[in-house]
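Each of the next two complexes has chain A plus one more chain, namely chain B in the first and chain C in the second.
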Partner chain A sequence: MFGYYFKLGLRSLRRNPLLTALMVLTLAVGVAASVSTLTILHMMSGDPIPEKSNRLLVPRFDNGPLDGWAPGDEPSDVQMSYPDVANLLKSGQGERRTALFGIAGPLEPPRKDMPAFISSGMAPTRDFFAMFDVPFLHGQAWTEADDARAADVVVLGRAMAEQLFGDADPVGKQVRLMGSPFTVAGVIDHWNPRPRYYKLVGGNTFGDADDFFIPFATAIRHEADNNGGMNCSSKREPGYAGLLASECTWLQFWFETRSATDRRDLQAWLDNYAGEQRKLGRFKRNVPARLYDVMEWMEELKIVDNDNKLSVWLAFGFLTLCLVNTIGLLLAKFSVRASEIGVRRALGASRREIFRQFLIETGVVGLAGGVLGLVLSFGALALIGMQGKEVAAMARMDWQMLTMTFVLSVAAAVLAGLLPTWRACQVTPAIQLKSQ
Partner chain B sequence: MEIRPILSALLRNKTGPLLVALQVALSLAILANAVYIVNERRAVIARPSGIADEHATFYITARNLNSDGPEQRLATFKREAELLRAVQGVASVANVSQMPLSRSGWNTSILLDQRQQRENASASMYLSSDSLVSTFGLRLVEGRDFLPQELVDLDEKTQDRAPDQVILTKALADKLWPGASAIGKSIYFGRSVEGMSSRVVGVVERLQSQSAPIEEKAEWSVIIPARRYGDTAAMYAIRTEPGQRDRVMKEAESALRKSSATPMILEMRTVDQDRQTRYRSDVALQWMLVTVSLLMLLITCSGIVGMASLWVTQRRKQIGVRRALGARRIDILRYFITENVMITSAGVFGGVALGLALNQLLVSKLEMARLPAGYLVGGALLFWLIGVIAAYGPAWKATSISPATATRSV
Partner chain C sequence: MLRMTNLSKVYRTHMIETHALRGFEIDVREGEFVTVTGPSGSGKTSFLNIAGLLEEFTAGDYILDGVNVKGLDDNARSRLRNEKLGFIFQGFNLIPDLSLFDNVDVPLRYRGFNASERKRRIDDALTKVGLASRMKHYPAELSGGQQQRVAIARALAGSPKLLLADEPTGNLDTQMARGVMELLEEINAAGTTILMVTHDPELAVRTTRNVHIIDGQVSDLVRKTPSLAQTPVTA
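Then we have the complex of A and B:
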């Protein structure tokens, strides 16, 4: 019977074209508003690395001065000082570990006809590439030995490599970076997770991929300026050596553990470490060390801003309005069909059959609304994407949201259809037949 | 008035009127909040940065790829500034560490007493060894600009000292010393430089920070009469004669490039560009809210028209009988309009309550501001008006039903 009712539903779309068009349009507009705002939220807050997001962990200490702190305060800082980072790198804790900070500097292309330009990149350790599943197009990550002796090696992003060397494999060639020659160790394939969850502090969260990566130790040796935020709450000597010795926080750190359960061991080690540092007098505040996995860290740093949530809330409010409107329209549409129901009931159709028929009919309306809603959503997302490249990257629909569009639309239509359908079932055949 | 019979007629058939009232309530609740947020954002976007002529102001970040030492670099920077001043159409040039609205720069903590527990304010820090007051066109409300001998150049690698004089914004001065004049008072820059205080010599009306957040903090800025040199890059803020910015930008670029034997990396941005980038997401939110609001009005209108038309069709006979019994057209019209006003009123009252509840939710969950009552009152009036206008069409149609044809089949 489902197929037959479905066909009837399709046919009834044509019966009252104006009313039906209004219904489909209302539903589609409501669905489009909800889906397009939800898509942005979904892209912003989705798990960027589902296989291992609970094994990638950010540690957090509080090395601030005693003044300005009250017992019970949470750590105020989201970054780390160089002494802590150096200790964690040496610790051997976790399966892999990396420190990182953003750097930017002049890059002089090997081709003399190309002018120099400012490029921005990152300074992690070798482990970074394995930790975040970074795919390589040419070559590979630098070696542990390169990390240890702070070698002048560089891994280029794909776009940067193509800009500098075209399609050729640049491994082994040289580029001048921040005034020194660097040997290319590898080229990363397309890899631009958004948000850039591996470096959520310091802006450019939804931006483009990094141009290059050099070893953390190399960046320190070259006294590379930090391209990001820095917080200095206590005394600091001038110069780079002064920065490294200070309690200024400007670095970020990641651990990867072998399994999710190893987190407890790491937490215990960090607690122990923080205790030691307190005994040494470096940590003044009695704040326990914290650990965050990828999703917890995104939540802590409020990557999804309130404006995005507001848009989604209001869009769903709007969808509710569309729903109420559709209920009214369906009531009107069904009310003129009382005599048809009367005849069907008199011929033996049970209330249940009538209920099924009309519910399937509203489902068909929902499907039509879904199709139109999908088209409108793509239009809305294209409009939203016109704001800029960063937003355009977020305004893309994946198959999850595609399914969501139809589920939302049909569910909305069926929900709207419940009351009118129930009313239609109440028709008494005798009265309807008598009046004919 | 004929309110009682209309009411009892409504109560006999509740579903339709309830749906219309619900639509009005939902639209009013969302609309009042949306319009408020749009207005609030518009005010945020319209905030002045403090730069007197934003359209005529731009800045250049110049980076020279040479291996000069700090002193040579300082000499280059001074020469570059002179070159820029010589470009025709340039009104004023100042080296500067950061620009308002540019989303990149430094903050510093400010204390009134170095032994105290918490910092008094975190302020945006503008460093320049030229007069920012004249290049930005800042308005001094108290005190004076820096004197030429107070403007210094410091090697960032070796020299680290607090400035003797500073200029604050009015917002920051009021925050530090509410109700008192700031001139002559002392501040400390964090705890980093012990025992060295800086004296406030001037207060400017406003100068927004590099991030210009939606808080009073947006105008907490301090101007320090010093340039820190040593890095390869220098930043120059340039105010041109009105209308000459684009031409000056081109000439300034070629003048700088010609002046250097080694390659240079130049980045130029206008304050207009920075303003646009800073407020892009606010503008987008505004558009989204305005679109949803308009669609909501449209859908609510169509809902009222649709329902009213349905009732008129359903009550053709009743109208015919009433007309045959002596009711005038105006009576029929009044009946339907009154009926609709009653339904809309129910919706409006529900909408005001719902709007307050929605605002409460936004305040508690999304840190939005509290909705002023005016928006709800305005929204209520709007929906009453819309209700009457939307019902007028179907009601007019009802009056044209002729009693003879309508009662024929009775």
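Then we have the complex of A and C:
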């Protein structure tokens, strides 16, 4: 009977075309408002690496001074000092681990006709590429030996590689970075997760992909400046060596554990490490070490701010208003169908069948609203995207949101249809048939 | 086919009680063509609605083709209505945005017949009423008499045991009314029991039996036609 009722629903769209158009438009506008705000929230807050997001963990210590600290306070800093990062890299904890910081500097193309230009990149360890499932177009990540001896090797982003070498495979070729020749080890394929969850501190959260990656140790050896935030709450000696020895926090760190249950072991190790550092007098504050997985870290750093959440609530409030309107329109549409309901009841339709028929009809209205809502959503997202490049990157609809549009529209219509449909079922056939 | 015993129907509001039927007794045998007459407000329509399972009764018993309908839920009543009854209304009650084919299809859909069976039955029913060639037309494209024929085809398509007709010729001119009446007589002759409410005394005398209702009760007016004279009939 579903097919029969669906066909009747389609036919019913043509009846009272004005009323139908109003209903479809009302639903579509409400759905478009909800879907476009939800799309942005979804792009901002969705799990960027669902298959392992609970195994990628950010450790957090508090190496701040006793001033301004009260027992019970949580760690106040979101980055780490070099001594801690160096210790964690040596720890052998987790299956993989990487420190990282942003770097920027002049990049000299191999072609003499191209001028040098400033580009931005990252300095992680080799593990970074496997930890974050980075796809390679050419070559591969540098080796562990490269990490160990701080070799001058570079992995290029695809856009940068094409800019420098065209379509050719540049593996083994050289580019000059920070005044030294670096050998290209690999080229990353299209990879630009948004938000850039692997480096959420230091801006550019929704920005473009990195131009290049060099080993963490190499960046340190070259005394590369940190292209990001730094927090120094105690005295430091001058120079790069002073920075490395200081308690300034400017680095980020990730562990990957073999399984989610290994997190407990890692936590125990970190607690132990923090205890040791307190004994050594490095850590002044008695703050437990913390661990965050990807989603917890995004939540902790408030990647999705309250304005985004509020706009979604407002949009859904608007959708509710649209639904109330749709209920009224459906009541009007169904009220003129009383005689048809009477006839169908007389001819053998139970109340349940009438309920099904009219609910499926509202579902068809919902589908039509979904189609128009989708068009309007694309329009709304295009408008939102015109506000800037970062916003444009968020204002893209994926298949999940596409499906969501239809589900939302049909669900909204069916919800709005419940009362009118229930009323339709209550039609007393005897009265309707006689009143013809 | 249809037996009501000591049946009553009371409409209650918070102010008053109205007895539409009281101590109502009727026994319609298979193959009969019974007309129901009576003044306005006598209970004809209540009787027809109860007979058609469109309304519940207050007390008494009602056996329809061997099934005691008392206490049946909406699903069971709907199924019974679909399988055993056919309806013809004064106002035709065709669904305006369905073609004739689709109108006749409605009860067959609820019966759950497959597509080929439904098509065969629709063809047969529309052929029987002489409108097979217009099955793709819509009700508004037909005259009143033709619309009533479609309604008859719709009522017949499910091969009901009992046809309930509520003033089927009330909205038709004399010629069209005669045509519809002849069609009903043909259907009755082919074996379908018919129960028809009418105001028209001329029609009443043409049928097997006339049941006259006054004040919610059956009066003792009984007519017999020669064709069924051997069947003892009591109202």
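The rule we apply is simple: the second predicted complex is superposed on the first by the 434 of 436 C-alpha atoms of A that agree within 3 Å, B and C clash if a C-alpha of one lies under 4 Å from a C-alpha of the other, contacts with A are read in each partner's own complex, and residues count from 1 in each chain.
Going forward, a residue touches a chain if its C-beta (ideal position, glycine included) is under 8 Å from a C-beta of that chain, and two chains touch if they have at least 3 such contacts.
The structure presented is a predicted model; accordingly, all values stated were derived computationally and were not measured.
When both complexes are superposed on chain A, chain B and chain C end up sitting side by side without clashing. Using the contact criterion defined above for the overlaid structures, shared-chain residue A:349 touches chain C, although it does not reach chain B.
Computed from Cα centres after superposition, the angle at chain A between chain B and chain C reads 100 degrees (steps of 10).
When the two complexes are superposed, the chain touching more residues of chain A, out of chain B and chain C, is B. After overlaying the two complexes on the shared chain, residue contacts for A:118 are found with chain B alone; chain C is out of touch. In the superposed model, A:335 lies in contact with chain B only, and not with chain C.
In the superposed pair of complexes, A:11 makes contact with chain C only, with no contact to chain B. By the touch criterion defined above, A:433 reaches chain C but does not reach chain B. Judged by the touch definition given at the top, the superposed model places A:260 against neither chain B nor chain C. With both structures placed on the common chain, the touch criterion links A:391 to chain B but leaves chain C unconnected.
Here's the short version: in the overlay, chain B gets within 16 Å of chain C at its closest Cα pair.
Annotation: chain A has no residue touching chain B in one complex and chain C in the other. Chain A makes touch with chain C in their complex at residues 1, 4, 11-12, 14-15, 339-340, 342-353, 428-430, 433-434, 436. Residue ranges on chain C touching chain A, taken from their complex, read 45, 49, 52, 54-55, 74-75, 77-79, 81-83, 87, 89-95, 97-98, 106-107, 109-111, 154, 158, 166. Of all residues in chain B, only 15-16, 19-20, 22-23, 26-27, 29-30, 33-34, 37, 63, 65, 67, 103-104, 109, 116-119, 156-160, 190-192, 194, 231-232, 263, 265, 267, 280-282, 284-285, 288-289, 292, 295-296, 299-300, 302-303, 306-307, 310, 314, 358, 361-362, 365-368 touch chain A in the complex they form.
For chain A in complex with chain B, the touching residues are 22, 26, 29, 33, 37, 65, 67-68, 106, 108, 115-118, 179, 203, 225, 232-239, 306-307, 309-311, 313-315, 317-318, 320-322, 324-325, 327-329, 331-332, 335, 384, 387-388, 391, 419, 423.
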